[in-house]
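When the chains are written out, they are named A, B, C and D in that same order, and each has its own residue count from 1.
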Amino acid sequence: MKLHEYQSKTIFSKYGIPIPKGRVAATAVEAKHIAEELGGRVVIKSQVLVGGRGKAGGIKLAKDPNEAEQLATQILGMEIKGLPVRKVLVDEAASIDQEIYLGITNDRAAKKPVIMASAAGGVDIEEVAATNPEKIIKVHIDPLLGIRDYQTRDIASGIDLPREYWKSFGEIVKGLWQAYSDNDATLAEINPLVISKDKMVALDGKMLIDDNAMFRHPNLNEMRDLDVEAPSEIEARKYGLTFIKLDGDIGCMVNGAGLAMATMDIIKLFGGEPANFLDIGGGAGADKVAAAMRIILSDPNVKAILFNVFGGITRGDEVAKGILAAMKEVKPTVPMVIRLVGTNAEEGRRLLADADMITAETLADAAKKAVAAAQGA
Amino acid sequence: MKLHEYQSKTIFSKYGIPIPKGRVAATAVEAKHIAEELGGRVVIKSQVLVGGRGKAGGIKLAKDPNEAEQLATQILGMEIKGLPVRKVLVDEAASIDQEIYLGITNDRAAKKPVIMASAAGGVDIEEVAATNPEKIIKVHIDPLLGIRDYQTRDIASGIDLPREYWKSFGEIVKGLWQAYSDNDATLAEINPLVISKDKMVALDGKMLIDDNAMFRHPNLNEMRDLDVEAPSEIEARKYGLTFIKLDGDIGCMVNGAGLAMATMDIIKLFGGEPANFLDIGGGAGADKVAAAMRIILSDPNVKAILFNVFGGITRGDEVAKGILAAMKEVKPTVPMVIRLVGTNAEEGRRLLADADMITAETLADAAKKAVAAAQGA
Amino acid sequence: MSVLVDKNTRLIVQGITGTEGLFHTQQMLAYGTNIVAGVTPGKGGEWVEGKVPVFDSVKKAAETTEANASIIFVPARFAPDAMFEAADAGIPLIICITEGVAVQDMMRVRNYLDQKGVRLIGPNCPGLLTPGEAKVGIIPGDIAIPGNVGVVSRSGTLTYEVLYAMKNIGLGASTCVGIGGDPVNGTNFIDCLEMFNDDPKTEKVVLIGEIGGNDEEKAAEYIANKMTKPVVSFIAGQSAPPGKRMGHAGAIIEGGAGTAEDKINALKSAGVRVARHPEEIAELLK
Amino acid sequence: MSVLVDKNTRLIVQGITGTEGLFHTQQMLAYGTNIVAGVTPGKGGEWVEGKVPVFDSVKKAAETTEANASIIFVPARFAPDAMFEAADAGIPLIICITEGVAVQDMMRVRNYLDQKGVRLIGPNCPGLLTPGEAKVGIIPGDIAIPGNVGVVSRSGTLTYEVLYAMKNIGLGASTCVGIGGDPVNGTNFIDCLEMFNDDPKTEKVVLIGEIGGNDEEKAAEYIANKMTKPVVSFIAGQSAPPGKRMGHAGAIIEGGAGTAEDKINALKSAGVRVARHPEEIAELLK
């Protein structure tokens, strides 16, 4: 789950990390009031969960409250990479002497959290990583021990931070670690962390929270912004389905994430384009299968559906019942190819015998038939 | 540093451990008011930092507010093992179905915290440990990992706790662990933890806090009860001296804890009785030495003083200057034996040449002379 | 011979009285797996299927039955504790089937287990199958036959697909290891390749990977330098878009890294034959 | 020969620019100890005594100078971090002189260092002295001469007393190890007894204990079973009252355990000659 900049910075601030004075606004008038309170120049920042807000014109500097209102009106009317801007953050503007990158994420290879820092902050850190990896300092943290003071100094020294900032930088690194750790983040990032008039301030903030840890953080769950997800993905989550919308025309319903990917791949291999990733999970019953079918068919691009079910925990007869139930309800007009193998596949096939479906024995066969059906439709 | 029962229980309560309703009172009238608020029977418990309060008559059951006032009057007038009772805790009385012991301390041999529990709570756990060690369950905690749920279940099962209490007991054990861990305790103990009307309640509580960790806990330092220490020990701490008053008549001033103990031992070996343990520490200067001398001489039992200084970091001339300064100030009338060896011992001896002191070469010689001086005085 | 599990495996099932735990205990028993004990706190003293004793703790179960492996079916929020418990009880091999364990929990678990020298398979994995000897997990027993192909996979049903295609042309497996699709887990590809390399019964190896991370690239390096047996592979997710998590917590192309293309190229450079779709693996093994 | 430190010790001083650190650096240099670097965060680039370079971190100091030991003189609240830093920098031998380290900190440090296989001496200890070769700590260099007696002690000045009494009758030490008086520390009596037992230069051993804990009792057991060299001992605190902490954080008789009497009896049963007072140790060694 992604947090907005203003949410991340509010959390950082609780851990003692200095952030600019400012507040979030949902209307231009509110933005004007905040600018009046703050006095001086302010930055109007669109709060959307995608990168590249600046380049898209979603971040603007206002010299006075009137300009703040005007710019907020403009930004609140925008869509950035398909996402509507519903809120803006109004922050006091800061003079910038240096921009630093500071982030904590999981290093899956090392099985440890890693703190990354660079004196070249403010830009795309992945690009720095690709082109100038030596400019990024990486320090791994023992997850059972937590961060140690000496590690914060190693980072400060590694990015050639002037010594007078070591202490305040150390507190910021420890604060960020605690924010990362307490909130089960998979990413906690300040970019840029700036030196402004001899003080360090986190100008921007980003946090990703581990969805698997949400049970520990009901308060964070309330911060979830549903705009970022397609409605069909939200609907799918309700039923415990993992669904990702794609641009093709062949709907897929598969049990298991790896097999679902492989099914998409084979569709492409035989010249088709998958319309989605959909994993109905292990042991999916009829209701789940029906919901999955409704979600796939809600996409007008879908010209054919490929069902690929390898029964293990999932039982073929249950899947068949789900398909029949969903067919009664949504009355699909697109051709459907089904391949059912494994546990109770026989019974499943028997149940579906009278349904208007194309059957297949192997995955390759099923994929070829689905591609042909979509192209013929 | 020892915390009072009411302080410990207040801390435990913050960690979700159920404690009886109640409050602390400094006067009998207050105690009566608390009893009125609580209604029903109450327990009046003297708050002094020694064990055996019950046997000493410092814990009484009152059936109504008037009796509470009367008993509080009585208890607030007591001294228990030399300590005045300045406060009483007034707790609602609980019916007791079972008494459990639960404590966390440091196992120095294992280098790990250890949780101990026994179904035979409410009594002297050290006696249980000595006579029925199999009745005490011990579970070590990895200090880098912290407590795990399964360990709380192992303890519950180990003391044959009925299963319906495992969950609430687990929460109490985890709460106690967190209290121990967050507050740098060297002991966190609930004895007894009782089952009362199907609920678990911590009837008594005890915490010892690591003096070396006090810098992390200014709030705990404010809870320090100075009554428990002799005034001379408090005075000594001000000067960074470690002083413990004993019952003998030969005052000792030594640098180093081990050597100070050895000096006491040798006094005893040669028939004397040490009046104190006093470690002036490493590198003690004149002011510290003078303070140490004043503290020793404030004890009217002292009939002789033995100075044993092995110069390492501590310089003999500094010690000599301290002795001379203190002698001017307090004008001691008891004989003083001095043994000065090591760094700058020559200069020290020269400075003291004109002072009225008995000198010695070896520790054995010094001890013999001090014993003789004390007996001859 | 085989790797990790065989007829001598003495298995504990943690969470044996839960829906999943009970169902798969029945399946494993039916397959002939030697389940010696189950654990459900608070249910010690009960019996499952009339022959598996239930204990309150792994420690008691292990002490009583001399178990040498434990499989975990408890819900995600309790799974870390279950792994710590098994490790502290001295179990040398832990298989965690549970899906959805928080990643910071897994980092703590993994670092702790490494200290203790405990081998972990999973979490979020289908477990192990040594056909004809032991089924320790949820891989359907009837889709594989004994043979000389070692199979290691990050995926569940995709593995079944491959085992089934192999069976259909008469190819059997020595052991199939489902290592799971989480970003931080226990045993990895290289661990399994080493074991298969050393296992006299294994003659060929199948490696089933997917997008995300760089374990396949590292496996390719190992294969190029150390592997003496032929390896056939399939990588899922060639059509997956970057930045979208494809079901498995670890299956995501992040910052341009972890693409199927990179992995396939690395494997091909190491001399691995890479199938274009899962059923083709069986063909390439012939 | 000697144990732990000798002419080949390449020492880092952590906290080298502090009052204590600087004073003892001067003393150690004067003794001839090979101090290769100092560490004070924020003072990297400076020099101490014109010949010891100061670094910002132990890692940099160790990489630059190939140090193989580090001694810590930083204040108690920073000492745990200093120990973690030295261990993470790969230093195999850490000596922590600092007094007053919190016990929960020490439990974390000790468990972490054990995982890494790092040897710790202290904290709250006078360090090490191998007369004529290396002084790594605060034991005055002129109170001991080279010889064949290994000395291990929980106390500071009490050890000086013994070394001095030995010197006065011409007895020298192979190495003197001050293990410190804290309840949770690094190297213990048995570790040192083992090293002395294996050290060809050491012919006799002095063990100086005190009240508190049961390390002396365990040492006695080791001596009875394994020790091939004669051991002489002194235990401080025979006159100490129970429940009072005698200066050292570990010197306390708790719940009737840890008395001098118990320790003396255990040692005597193990064939150790126990002196009645410290100076008598020298006599018993003759």
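By definition in this document, contacts are C-beta pairs under 8 Å (C-beta built on N, C-alpha and C of every residue); 3 or more make two chains touch, one makes a residue touch a chain.
Because the structure is predicted, anything quoted here is derived from the model rather than measured.
J.: So if I look at the partners of chain A and the partners of chain C, which chains show up in both lists?
T.: Neighbours common to chain A and chain C are B.
J.: Taking CA centroids for every chain, report which one is farthest away from chain D.
T.: A
J.: Quick check: how many Å separate the C-alpha centres of chain B and chain C?
T.: Using C-alpha averages as centres, the distance is 54 Å.
J.: Cα centroid separation between chain C and chain D, in whole Å?
T.: Whole-Å distance between the two chain centres: 49.
J.: On chain D, where are the residues touching two or more other chains?
T.: Touching at least two other chains: 108, 112.
J.: Where does chain A touch two or more other chains at once, residue-wise?
T.: Only 142, 144-145 qualify.
J.: So with touch defined the way it is at the top, what topology do the chains form here? Options are line, ring, star, complete, other.
T.: other
J.: Can you work out from the touch definition every pair of chains that touches here?
T.: Chains touch in the following pairs: A-B, A-C, A-D, B-C, B-D.
J.: Give every residue of chain A touching chain D within the complex, in rising order.
T.: Residues of chain A touching chain D: 142, 145, 148-150, 153-154, 157, 163, 166.
J.: For chain A, which residues are in contact with chain C within the complex?
T.: Interface residues on the chain A side: 106, 108-109, 111-113, 126, 129-130, 142-144, 181, 184, 186, 210, 212-213, 215-216, 242, 244, 246, 254-262, 264-269, 274, 277, 279, 282, 310-313, 341-343, 362-364, 367.
J.: What residues of chain A sit close enough to touch chain B in their complex?
T.: 144-145
J.: In the complex of these two chains, what residues of chain C are touching chain B?
T.: 41-42, 44, 56-60, 78, 81-82, 84-85, 88, 108, 112
J.: In their complex, what parts of chain D are in touch with chain B?
T.: So the residues of chain D in touch with chain B come to 23, 76-77, 100-108, 110-112, 114, 126, 138-140, 143, 153-161, 164-165, 181, 183-184, 208, 210-211, 213-215, 218, 234, 236-241, 244-251, 255-256, 260, 276-280.
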